[in-house]
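Okay, so chain A shows up in both of these, paired with chain B first and chain C after.
Up next is the complex of A and B:
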């Protein structure tokens, strides 16, 4: 489907691009015959799931492919310059001055031991945009342009003193310092909170529009791309499957893959089953067992304090130089809630709000400073976290971790990982153990032949299933889900969320669902608790909190979710 | 219930049994990297010499034959003879066992001491970390070879003491490496998951953290192995440790050194070459070993 692109001449023209990577099993084609053109002043979104080749395409445009990668066929023309044939010297001149890039992890993209202002100066001086004398002035101007408050002060800040959103602004300032014509943003807001994401994206769009720049936004989030881009290219397995104006893509998706992607994106008005592809014949959600109303978990007056002297890493971004190191920092400040049997409670908030700390304490991996955690009538906060591993209550509270890759021992096969909790409990014959593993694998929909694979031989979705099977191995009463789908592609997320819901109803468990994604929370949760800075700002049923929020902060959170034009 | 399934990520050949996969992977690593293959061949040659040495050599390494003293390399005596007429080829081969034993024993010892102290320091932190750290610092404060000399001189001139001394001077290398690697993994998701499964801390150390830092430890083991051989030879060279007439590369170099000026270069040269090859072999082996031990490089 061709789309009448803007009449302006193309600044970037990628024709028939094929990129190969040399691997152990011969050459692999990362992208095949990709055509992309970008008009001056246009914002183009490249959307696709992991492995679709969207990042490789953009790396090829800047010619920063790693050594194994090779442009096999095709041409890349950037305003008259043949990028494929250009020498390294010409390219160096082009990068930074003509095209610039924003990377996914802003903290990793900045030099950790150099003041941010100086890093901006470095770029300006490298491209002879300024003289040494006025470099500082220009750097401060650049900081001002990315809406950083008190730029003179922040000029001297080190990256670790700034929050993630601030760091991304600095990276944007760096990218835009030399007034490039083309900006490539590779997942610029992944890992940032929704409110920060909104601020950063608004800023990028405003700045590029002001300067009539062309932008390529690479993202896995169709909603985000549709909100901020003029045109969208959808990629699947190294091929462009659809190119459309973003206002059309939601109302009239052409390619089946685009439709699948759109279906899988959690959105208002869609239930859990609506996320799955139409062709997947799935039974309707089983009716939830009538809640007995019995309170399974009760948290009262929970507090976790950290001494301020240990303000390293995570905490330093909240407490810059100006704070005096007296009163201890309260990560969790006197919160209380209940989880009933058979219920899913959502714990929502942005990074640093204390939701993870809370879940770690409920999980009994961390000792609270004060407060009580009662589980099934027993005060489990009385047992110190270090002794809890051998407590009989341990098997009744389990957890599914955020990152399925990191939470699996790289040296255990899937079967061994699933069997680990069982092995610690009671002795079992090899055959019985294997049978139990296979039963669990069947429960989570993991094909049996994957049981003997190591984690790095499994896909993200399969690893997530292994993690869920491991959590279910001891038939727990309460499972804490710590953003279980945050590291997964949307289509896999849809499947995993449905799986979790089915399992809950089938096995009669309760969930404590920790997440920052309100759409996902709405799909799964009966009740929602919104946290901010260690305190609960709002609690209620899911509809109540999401449809008619009473707290100002909840409203902000809901508004920050990208609203694609429909 | 319906089984919800996503499209399979990629089709791979069915997983073979662990041992077969390991063998196949080893073959791949060796075929891919000729330097590693070469060092492996050399290592196997050293192993054969160490195990079969005394039974395959043409002459008794200790038998002196003054009539045939100081002969240059020939068809009879491939590496020539020394001042007492002993066959240098036989002595070089026979010495392999002693030198390898010292190297391997000291590396095993230091791996057990330093590796476990380091893992515990990294995992528990606090006082364990401080104690292990200060012990390492204290050892590092000495010139290491001088420290080894002191230990052997103080404890006595035996092979066991050479092994102990070599292990002690390598302790900080192992402790620090293991500490930093364990420290990174202390808060890893899979360690938390292991706790949830009901694993005790010692079990987590042994079954979860140790296997994951083995690839790096293998490189360290291989490098210190070469260093241990040099160290043992060095101690013997200056007269500490192994005593003549026992065949040992360091002593042989020391004995031959006096004759180099008078033109009998072969007495010191051949044991020196053996020493060099051994160190060279172990240093090259490290990378290959890491690739073999690390399952993530296996596909």
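Up next is the complex of A and C:
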């Protein structure tokens, strides 16, 4: 099973590693008997779903586990240094200078109140890579190397002033400042747009190749790992289940878990049902009811403007000092589209393109600056958003939110959460309400015994089901899905996507599906709208847009999706 | 910078106007008739009416308020009826005494509480952490007059280490010339070390009493916000970059953890300034708190109004300082008008 990398000497050798965490309910083994070896100059991917122990493994390599974590067994050798036995001072010398790490959520990974240049200097000075006099120059050079434009200016920037992609470049600059031999990248592109993801990954690969560095890429995205890594380690529940060359893993996955993971990953040429595990014998997708072609939602000339940060103070307002009025920022700039009954329309674009603003306006949580939103023949944009909750149309447009955890009240049981929209409307007897909740739970495949649990007692997939059941509680005609699977593991995503499709066909609803993931959009949507900077750059059937895009921007988006070597 | 400060102070004007109106009305509805109080128990109704006229209390409320505001604009807060002296001079003489005591108490408590909180957070669950908790709980559960009296009993009566708790200076020393009104600073300015030593030995016990009381909120907030910051992702980045733990704790964690501490500090300060009446009473400290309480008991409303107004202005100034400190530490905060 294991592929030996005998060609080059191992720079990192993890043998039989077991890590325990002290929790309130006793000791929990986060990883068990993990073996990983990494050759000099090699790029290794560690792939697994949440809870597989992939991050814990990498933290153990640098020995930066939480207070509660403990290396119980095994050895970690880093070019001759015994990491498990080394003193804290020896390790501190290794960290940052010999091995470095880049993190998920780059903005949070930087000190929010320290200039980014100073943070790079801190690392350089710590490892005596520079003198105080030269530190600034060196830090600017480090910024230059990660292709940051105007590095002298950016040196003085704070993380909150930079975009996510820019912050990740800073984190990379920080990690590579002392020219380490080993780079560990822990989900470095999660939460970044596809084009930014590509830019960041290309940069990492280029820099590490240039310096003959070894890299460990930790990711949940098998496609990403296969695209950028030489070898892949697949982890499940704290154990390594498979190690293989990435060119082999797609064509010939050995372990059943790898096969399941691969199947669940949305990819070109795979339908919705293809994502589910083989053994889950599911009925084929029912044929969609022939669309009546009746237009359910029509959006015309929709505009949302936000005022720019006002720089004039209270006083100048009072005393009438007139300033040149700044043009407001247009988040959504004159767009129009239709959703027909029984149809799924995808709204695709990168962060800041206005797709969420659009969905909020259609949902009538936000008032448009101008334009019309017609729903079932009625102009609903005329009703102010703050009064819309009492409008009879409210029950016909519902929403499933991005984060299944954050969108549930932590003190409501699943049943209470599902019943919430019903309770806001007409009164219903206790028994009838319970019966409706059970019916909805059955519809979304949530076992009835979970109805009385609180959100923290449910898994991510179960919480997603609760969120969907809540949206369905009032039998809406249109459901707005705002990245409903972005926070879920791929195998759970596969199940949820199938569920959504089944429900749509059974209940005859229409979906407005907001997403950044083109593969997912392809699976679920009949028609796709691509947005950029508040404008629609391309619209058409899913096939048209994804197979034969006409807009240059759409092509870039598709190009940026990782293409594993198949 | 000056513009921001000006704008920030300007926003305080409406609340100050509110304070003026409310204190004026409140002092008018205080129980007890000021006129009959000052006319004495044996006064005839005629004499009381005479006094009432003299005090202007026979006029309508709006009239009284108008004259109050006009006087206020001239910097005249009225005269105290019990002492007969202008309220402005009394407050000017007593405020430095309170401020010196409160500031010193706060400084002492900061010097102890902040490091204690940091260490308690860094070594969570260690004996220092437990000590921190015990000290904080004890400090906040003992009323200040009790700790004050214990200190006086032990250090003055039993041990004789400290002088008699009779105000800011003992009878053998004369106050230093007034520059700041703080005896310690004024004595240093004129290089009168004898007076400095005497003032210090007088202020030591009340300072410690206040510090013990204000230790708890500061230590707890420091510990809690340090714990939250130490769990943050950028601390992990700092550790992964191999920074020294002193750098991580001070430059990375503490500077971020300071923000809630500063907020608490402002609250504790404004709270102590008005509420240390009990300490002032125990140590016969000629401060502004005891002055206000005496006036309140005597239905002497001019000093009470003066006191509340002074407090309101101080509160505004303290909050301004805190906001400026905040924006100095955290670049994300823009001081808004």
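We adopt the following convention: the second predicted complex is superposed on the first by the 549 of 566 C-alpha atoms of A that agree within 3 Å, B and C clash if a C-alpha of one lies under 4 Å from a C-alpha of the other, contacts with A are read in each partner's own complex, and residues count from 1 in each chain.
In this section, a residue touches a chain if its C-beta (ideal position, glycine included) is under 8 Å from a C-beta of that chain, and two chains touch if they have at least 3 such contacts.
Everything quoted here is computed from the prediction, not taken from an experiment.
Applying the stated contact rule after C-alpha superposition, one finds that A:453 touches chain B and leaves chain C untouched. In the superposition on chain A, no contact is made by A:57 with either chain B or chain C. Of the two partner chains, neither chain B nor chain C is touched by A:265.
When the two complexes are overlaid on their common chain A, residue A:122 makes contact with chain C while staying clear of chain B. When the shared chain is aligned, no partner comes close enough to touch A:208: not chain B, not chain C.
Once chain A of one complex is fitted onto chain A of the other, the partner contacts of A:502 are limited to chain B, with no touch recorded for chain C.
Ranked by how many residues of chain A each touches, chain B and chain C are led by B. Within the superposed three-chain model, A:401 lies in touch with chain B and out of touch with chain C [touch as defined at top]. In the superposition on chain A, contact of A:94 is made with chain C only, not with chain B.
When the shared chain is aligned, no partner comes close enough to touch A:356: not chain B, not chain C. On the side of chain C, the complex with chain A involves touching residues 3, 7, 10-11, 124, 232-234, 236-244, 247, 251-252, 255-256, 329-332, 337. Interface residues of chain A facing chain B in the complex, by the touch rule stated above, are 24-25, 276, 280-283, 363, 365, 386, 389-390, 394-395, 397-399, 401-403, 406-411, 420-421, 424-425, 442, 445, 447, 449, 452-454, 456-459, 461-462, 467, 470-471, 473-474, 491-492, 495, 498-499, 502, 506. Considering their complex, residues 1-6, 8-10, 12, 14-15, 28, 188-190, 192-201, 208, 211-212, 295-296, 298-299 of chain B touch chain A.
On the side of chain A, the complex with chain C involves touching residues 62, 64, 67, 91-97, 100-101, 103, 105, 108-114, 122-123, 126-127, 158, 160, 171, 174-175, 313-315.
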